[in-house]
């Protein structure tokens, strides 16, 4: 049986402590977040489940146009990492799948690649990668969405990217952009 | 027509993205702020207006005792900079105007000077400076207010600043201090 | 008469300022805290009392099993340090008292020792130390609590610490642990 | 006569102090930089010139393909901002000039626009913008350079951006990329 | 064939850029490190190899007393993560292997577990875990080494941990401690 | 006999560890410092003495014009705090002594007051205070030095502080300023 929890060694060691001062800040999703993350659950309401997340143990659904899936374990999904400056994600890429160009504003990223397939899985089996981020809530900006899935005038996109008009309009159409 | 918005290139590029994970935290002023800034508006409620601020395009009112005006674009005025560790201000100094000695606790400051007049505009025309801060909410401490616009005993101020009693009492009077 | 307040020079200098932009964030305990600390009290409600704390002037109660007492002046006790990345504590150790092994996750610690007694007061008089932390809310993890005051299976503790079974069970019993 | 120095109010106030402990770290370019910036010049060698920079007073040379110029005042050009988490730049855009799509990894950016021209100067006069960054050494990544001025196989670029083969090859040719 | 490089998406996207301002700081091991990490290699000397590390693709040698091995990809091993506030490690645990109690001062840790075995591999096959840290150079403090592999007087260890004298002396002997 | 070392609990617990990855960065004064502090001594050269500092155990020499003395234990004096974001100082104030108005740019400060005397010791015995800073290298800016011990034109000081000409000139003379 496969079982792939993320959990904290740290909390393993310490979360049962009777000490009243703690060193974690499990996200309380009932309040809005702030620049440093979500508000903290009251320590009395924190349980060991807050420090495990089984979401990364499930194969992502790659039945989509890019034949790839990102399963995040960011603060919004995995409240235990809130405020820790760290998160993970699972990346599934089916055969011929591709991860579109993107950036993570404000966060660094390391990729632990399961099989050699780069961003494009040109192999004969599915690929799995484990990704780490230096933020509990790394932004995700997909290049094509930023350029084409909007209502910026095509001319503006063209002038600032030097892409051809036909190219811009074609991708705007695919991605639902206007203008 | 003059039009002087501050806006984010960054958001220009990305704010129209359909991606659900974002990299900004527009201030929600309905809740109290914290050490890292204000709570974030829900992304669905954020508009492009949150990233532009026209306040710096207006000449500050320098009809005052120091003949100078600071127009801030801090997180409290310009919610889009909340949590970004950056803000700006406009500084207008009329002829013979002066910016009193001050500090910005916890923030660095760079000044882009419109015309050469130092802190004192001894020239023949109004001066404009654009100021940047390494904080979205830089403190502002004006020396004279700290020393004289309070009810600390004059003797205490005198002993710790070595200013003369007459000087301290004179400025306390001007600035509304007592003691 | 002894009187041992902690207060801020800084606020001494500036907290009476009429300036509307401030550089502190006194904890508002009516809301939950976040990764960066508590929400800020509205400046208009902040008083000089928020910046003084007399708790460290009182001798801690060392009538306990370890003959020692830690009196914290962390953000939870002393709202004025909220968000400042700094806090203090008072450490009282009676004769033959001892401070159990512990760590402060995420914070550095400096100890100003009143009399030479190390972690164990083997002297003939009470000892006092003043402790500083590089966090307004330093975690506190007492080794024995983490290891023995829990319901982790003894075998697990033994395998990961190489302690003997009898030793683990003995201390589990003392500290209320099970398993 | 125009004279446009950047300088620090802060240093104005304090840099003449006889105190031996200082609060700046002017870049010493004779040693390699590190993650937090350059090593600090010895305080005795620091002069007022380290805190002024006249580079932003000069109109950038816009006689180039994009008819625009960025004049940075980052730590590498203006050693006085080293370690302060803040820098500025000047942006000149001639008529019909354009600032190509770009990002600043790890830094936020605010733009103070001199005349309304967005990223593209479609007006009849030159435009000037003053830009602030929340880093003393903000990265600069120009989209087209990242995508096309390299030797990544065209197929890889195409698959990850969904751009057409002809488009990718055309821009690779313009920007000197191969593959 | 297995091939398990760590590399940066980010650098994939950008490291070929002709832009002169960069957003990484590959460790230059010829100089001592500082609080923020190692000095940066000159950009001209940085190659794509600085952003890949194949060390995590090799099974660690678990032929040791704990039947476990940690293979770090910290800044000291993998210069490309220097200054990024992020690192990874590979954890191999053979059957009946165990990871001793430890902490990582100043860093958070997330564990992606290959098979369910907790810290102790009580299963019938080897276990693999991928670990992420919120620091490029996370400290590692193994409890038993800290307590027993030193020359602190046994009495001191006993008084601060409440361990029995026989237990302390036994483990001091095993781990080479004296006193 | 009085003996007042500062030392680190933390290092007490861990510095004897055989682990090769460490969590401190003792200052190496042979190289220039950077924005984050001094370079780190090689771990093999670090000794327990690097974590103790007896300087705070000595009464400061208050035979001076202000009858007060500050004894710092900053990174420059006490290399063990380098990079930890924390430091301490000892403040001795003789009868009628005074600590001049000052600020610590970029650092917060907490004061543990030995006897009630505020900044001015108006009592009948010497006062001792223990001060903590949220920086290993807190700046120190003494107001009078900044205003008067320089060669800024008196007129400039007068206009920006609203102090009288006679007052400025008098204190410039006392403190060695010109202009």
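What to note about this one:
Think of it as A, B, C, D, E and F in the order they're written, each chain with its own count starting at 1.
The rule is simple: contacts are C-beta pairs under 8 Å (C-beta built on N, C-alpha and C of every residue); 3 or more make two chains touch, one makes a residue touch a chain.
Only a predicted model underlies this, so the values are computations on that prediction, with no experimental measurement involved.
Chains that touch both chain A and chain D: B, E. With contact taken as defined at the outset, chain B and chain C are each touched by A, F. Between chain E and chain F, the least number of touch steps comes to 1.
A separation of 24 Å divides the Cα centre of chain B from that of chain D. Centre to centre, using the average C-alpha position, chain B and chain E are separated by 44 Å. Once the centre of each chain is set as its mean CA position, chain C and chain E turn out to be 29 Å apart.
Residue positions of chain D touching 2 or more other chains, listed in rising order: 10, 13, 31, 34-36, 84, 99, 101, 103, 105-106, 119. The touch graph of the protein chains shown belongs to none of the named shapes. Pairs of chains that satisfy the touch definition comprise A-B, A-C, A-D, A-E, B-C, B-D, B-F, C-E, C-F, D-E, D-F, E-F.
The touching residues of chain A, when paired with chain E in their complex, are 1-10, 12-13, 56, 73, 81, 84-88, 99, 101-104, 108-116, 119, 130, 132-134.
Those residues of chain B whose C-beta lies close enough to touch chain A in the complex are 10, 13-14, 16-19, 21-23, 25, 28, 31, 34-42, 82-84. Residues 31-36, 72, 74, 76, 105-106, 137-142, 145-146, 149-152, 176 of chain F touch chain D in their complex.
On the side of chain E, the complex with chain C involves touching residues 98-101, 103, 105-106, 118-120, 143-144, 147, 156, 159-164, 167, 170-171, 174.
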